[in-house]
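Structures are listed in the sections that come next.
In the two assemblies presented below, subunit A is common to both, partnered first by subunit B and then by subunit C.
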Partner chain A sequence: MDQSTNRSRLITHVLIILIGAGMLYPVIWMVTASFKPETLIFSSPGLFSKEWTLDNYINGWNVVRDVNFSQFFKNSFLISLIAVVANLITCSMAAYAFARLKFPLKKLWFACMLMTIMLPAHATLIPQYTIFHNLDWVNTILPLTVPKILATDAFFIFLMVQFFRGIPRELDESAIMDGCGVFQIYTRIIMPLAVPVLITTAIFTFIWTWDDFFSQILYLNTVDTFTVPLGLRLFLDSQGQSSWGAVFAMSVLSLIPITTVFFIFQRYIVEGIATTGIKG
Partner chain B sequence: MRKVYLLFILMLFTTVVVACSSDSATDDTTEDTNSEGTTESAEETEDEEASGEEDVTLRVAWWGGQERHDRSLQVIEMYEEQNPHVTIEAEYSGFDGYFDKLNTQLAAGNAPDVIQFGGNLNDFVLRDVILPLDDYVGNELDTSLHSESMLDSATFDGNLYGVTLGTTAWGVLVNKTTLEEAGVSMPSKEWTWDDFKEITPEVTENIDGTYGTGDFSEDGFGVFLAQRDKYTYLDGEIGFGVEDVQDWFQLWKDLRDSGGAAVAEVQVSATQTPEQSLIVQGDVAMESIASNQLSAYSSATEDEFELYPYPYNSETGKNGVSLRPSQYFAAYKDTPHPEESAKFMDFFVNNVEATEILGNDRGAPVNSDVRKNLIEQASELDEKVYSYIDLVSETSDAPYIPNLPGYNENTQLFTETEQIIYYDQKSVEQASEDYFEELLSNIEKYTSEEE
Partner chain C sequence: MKSSEAVTVSSVQKKTKISKETRKQYIAAYIFLLPWLIGFLGLVLGPMVSSLYLSFTRFDLLNPPEWIGFANYTEMFQDTRWIASAKVTMTFVFIAVPTQLIAALLVAVLLNKKMAAVGFYRTTYYLPSLLGGSVAIAILWKNLFEIDGLVNQVLVFFNIEGQGWISHPDYALGTIIILATWQFGASMVIFLAGLKQIPKELYEAAAVDGGTKRQVFFRVTLPLLSPVIFFNLVIELIKSIQVFTSAFIISEGTGGPINSTLFYTLYLYQKGFTHFEMGYASAMAWVLVFVLGVMTLVIFFSSKYWVHYEDGGKL
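Moving on to the complex of A and B:
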């Protein structure tokens, strides 16, 4: 009896480990490839190599003249940080209003907000670009950050509204008894109870902004404003010579912040999503 | 009931929003051409007021890899030094997203002044966003030493729209290391298809897991036609017949049967990128490539490669290889600084020192003097490319033929036909006939669309 459960456990574990290794293989391959000399990456594509080198990292870090990857990391961090902070503050405020306050045409505005999720990004692309161009914001980080201050990520608002609705109204009522106003209910009652959903928002905003490519290449023109995803593309030319070694090396580096963030906060993500009422 | 009400509002809004957004998009573009006109003319007057003719900022955009960025930036620095009144804003990136971004910029009237294009220049000329350069040729822009066929390739309706940044030519890449290993001696550079049919099975026989050659595909077919004094499509006419298609596919079927060419399973696994190509992976010993890709192929492996012209057609004595443009620089139609843009393009392709820095990255230079100068001081690898281009431009017996209309669709059709034959789903005759028929209807579709 005992033995058979042990054995079945062993089998499940071996299976899971094998599947896990299979899924991790591309990542592991990338890491090892980043330490191989350029000529060996594709001609001997196994995990092991007869030679190991750090050249890819050195060459990759100094992408082009005058600019190196530290600039890209700085830009990416700045944009991601502003996006995270702005989203946390403004989206939670908007969500609080939708979940708790009464105002005219509330349903309508809520529907409008949901509509912005459904509207394909390509439909708004050119008008949006034109607006930013007329504001003279192209080639700055403003088009990438200012909208976040205006709570434009409707998905997070929706996520938070669902979460806030789950917080008992009795808490609000007792806060009112104690003399709290609308704003104090938000800061003293709702926010402290909403930590899981806030962390979910923070992590997703960070990952999505860090990985974003299209809006960044659209609005950033010169290399000194480039972010990490754009920097990585500088090595690649589908029709000519690509520096694959450097791409792999810098990709490894660019994964570090994102995996760190994920590993530190991963248990909150599950909690945040599980308690918002959006359930599978 | 409430739900129905909510749903109704939602639908109403979707229609309103969608209608508005498409409205505003068209509004924007029309408005844009207006506002753009005014802002740009405002800029222009500002420029003029500020400094007579000086202090110009030119935006120059290109895509490429690390190497190209470095070299182009050096040239830009040099240009700025020699022309202190010009500041150049370099907007470079990888290939991903380059044209998406450009299209957005064009729609918003914010495109760079000088833009790099590939073989798709004609699409943009059709959209009327490219500046015709004829007014500047002979003044700011000197094209007297450019090869005629390259000027032709950038000429549409009698107007010149771009300068060719580099020329390439199809060639056969031969893996010297493998041939030596197989005990096959290197053929002469004036080899014929008969030599080719003889050598390739030997390689397959002598080395395990390596085939003599990969399929030359559609690119090879173009050269094959030129060897017979035919062409794919020029000036609204198709220049070959179904028998040519049949001969080409039969040639490759014979090669596969004799063991010279890679079997179907290997051939269909081929990818476009140099690093993962069959020849770099060691699956084949020969492959058809564009000459400017030589260094990309060579640096992806430790084997030694040699660039050969296509095998000659022994009946006509032609090898059919011609020069092809790799990329162009063209100017944005509404650039506030057309003269300065033309001057910069001129520097980029005609200045001896500039072209020395640029080297072979975008292909061999179009300017014959510049190319001679480069050959004298080129590295071993580049020299191979230049002398190959020189060989081609001297011996070239074929005109430049632009891509087929509906290029992507027709390439797809060609590949499908190849695969049908690989797997014996149809006879060569049948597959060729079907291909030809469908090609004709494709071309008709695309040309009537253009009109």
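Moving on to the complex of A and C:
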């Protein structure tokens, strides 16, 4: 009996490891390929090479004349960081109002907020583009950051409302006794206690903004405003299939920020997904 | 008499005092709500109404929109590329969503045991979901399935002759479906959380009744997990119907070969932002919203027949 459960356990482990390794193999292969000389990348499907080089990284970094990936990374980081800070502040403000304060039309606005979670971005796409175009904001970071400052990521508001509702109201009441107003309750009670949901919001805002290829390709058309994903796309346009090594090298670099965030905040991410259904 | 009058007076005074307090709170509430409210009115509600209007016009961004009634909508049904894009997207949704959910469920059941390294396995399987939406992985995928790519090199070992999967109209969509299925990890994590909620007593009772593993899975696990399946189904539907990045990168923005990867959102992008037929693109967007809405409603209404709530589904 014991032996058979042990054996079935072993089989499960082997199965899980084999499938997992198979799934991650392409990514691992890309990482090793990025360090191989161009001519050796496709010589075998294995991971090892008789020669290793950093040339791909050097060539890839300077993909086009005048502009290189340091500019693209700067742009990507700037946009993502503004998005994170903006979502943390404005989404939590709206969530605080919905979760704790009384005001006229509350139910209506709350229903509107819920509706926008499910609404595909395409329904507002053309007029939004027209607005940003008329404001002369195309080819600036504004179309990518101002919507975050205006808390359009309703999903995070919903997430925070749920969390704020779980914070005991007695804390608010005793704060009021101590002379705190509505604003102090927000800054001194709610926000410090909401750190877990704020971290979840920050992580997913960062990942989603970093990868938000659709908005970036719409609004950023000049090379100096390009983000990392748009920089990667340059390879497909200009040099075609001749320089896969360089493409892989920059692809690997583009994944590092997201992967780093993931491994630092892994616990929050997995818990966040499990408890809220948020997706990576 | 006098005292009761006094009471009324003081209660009236109190009332006005409260309403002053209340008014202060209303103002404070609206200050907190203000960024969202501006965003909602200016970037969501306004544009929604406006795009509905634009869908009945011809509009190229530079000239004022010109009213053409339902012409954009009727044109769609004669537009072979639109029909192709609707077919591609529906094929994708109907294959990728179920395969992804089934893979997620199977692996979740496999991982839902007390054993060593579960946390590590969970991370491993989640990683593709984390990375999969990026341009980098789409580029990798494009390379994997090229004629001299990794997939064909591996197939040689099995004596299977490969081909340029990406450039073949019968297989190109398949590579994108595989990419989507590859990212089952996020759904799996949600399933795992759901599996942990199922009371142990039910399994013990099933064991006492002599249920086989298969019976336990179909009679206990699956019904109790149905709310989570429902949730994952809705989320994946919304996500899949809007797929863009992978199709754009793998087909280099064309939707080829022969429109085989012309996803709906990719065609919408082409119409709106390379042909500048923004009225048509708006109409396409509203058809998308409508179809997604209908599909979501169908799932919601069908849910009472297959989703099992412990508390009887009361809110």
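To be clear about the criterion, the second predicted complex is superposed on the first by the 238 of 280 C-alpha atoms of A that agree within 3 Å, B and C clash if a C-alpha of one lies under 4 Å from a C-alpha of the other, contacts with A are read in each partner's own complex, and residues count from 1 in each chain.
As a convention for this text, contacts are C-beta pairs under 8 Å (C-beta built on N, C-alpha and C of every residue); 3 or more make two chains touch, one makes a residue touch a chain.
Predicted model only: the values in this text are computed from it and were never measured.
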Superposition on subunit A - do subunit B and subunit C clash or fit
clash
Have a look at where A:270 lands relative to subunit B and subunit C in the superposition and call it first, second, both or neither.
second
Counting only touches as set out at the top, which of subunit B and subunit C does A:94 meet: first, second, both, neither?
second
Tell me which partner A:23 touches in the superposition: subunit B (first), subunit C (second), both or neither.
second
Is A:258 contacted by the first partner subunit B, the second partner subunit C, both or neither?
second
Of the two partners subunit B and subunit C, more of subunit A gets touched by chain C
For A:119, select first, second, both or neither according to whether it touches subunit B, subunit C, the two together, or no partner.
both
Regarding the shared-chain residue A:104, is it in contact with subunit B (first), subunit C (second), both, or neither?
second
Which partner chains sit in contact with A:147 here, subunit B, subunit C, both or neither? Use first/second/both/neither.
second
For A:63, is the partner it touches subunit B (first), subunit C (second), both, or none of the two (neither)?
first
Could you say whether A:214 touches subunit B, subunit C, both of them, or neither, answering first, second, both or neither?
both
Clash list for subunit C against subunit B, restricted to 20-28, 38-46, 56-64 or 110-118, contains only 56-64
Indicate the residue numbers of subunit A shared between its subunit B interface and its subunit C interface, in ascending order.
42, 112, 118-119, 123-127, 129-130, 133, 213-214, 217-218, 232-233, 235-236, 241, 244
Taking the touch rule as given, give the residues of subunit A at its contact with subunit B in the complex, in rising order.
38-43, 59, 63-66, 107-108, 111-112, 114-115, 118-119, 123-127, 129-130, 133-134, 138, 213-214, 217-218, 221-223, 230, 232-244, 246
Residue ranges of subunit A touching subunit C (in the complex, touch as defined)
9, 12-13, 15-17, 19-20, 23-24, 26-27, 29-30, 42, 44-45, 90-91, 93-94, 96-98, 101-104, 106, 109, 112-113, 116, 118-131, 133, 147, 149-152, 157, 181-183, 186, 207, 210-211, 213-214, 217-218, 229, 232-233, 235-236, 241, 244, 247-248, 250-252, 254-255, 258-259, 262, 266, 270, 273-275, 277, 279-280
Touching residues on subunit C, where the partner in the complex is subunit A
22, 25-26, 28-30, 32-40, 42-48, 50-51, 54, 59, 61, 107, 110-111, 113, 115-117, 121-131, 133-137, 139-141, 143-144, 146, 148-150, 153-154, 182, 185-187, 189-190, 192-193, 231-232, 235, 238-239, 241-242, 244-245, 248-249, 252, 265, 268-269, 272-273, 278, 281-282, 284-286, 288-289, 292, 296
Write out the stretch or stretches of subunit B touching subunit A in their complex.
6, 9-10, 13-14, 17-18, 21-22, 24-25, 28-29, 32, 35, 59, 63-70, 73-74, 89-97, 100-101, 104-105, 107-110, 118, 272-276, 280-282, 292-293, 295-296, 299-302, 326, 361-362
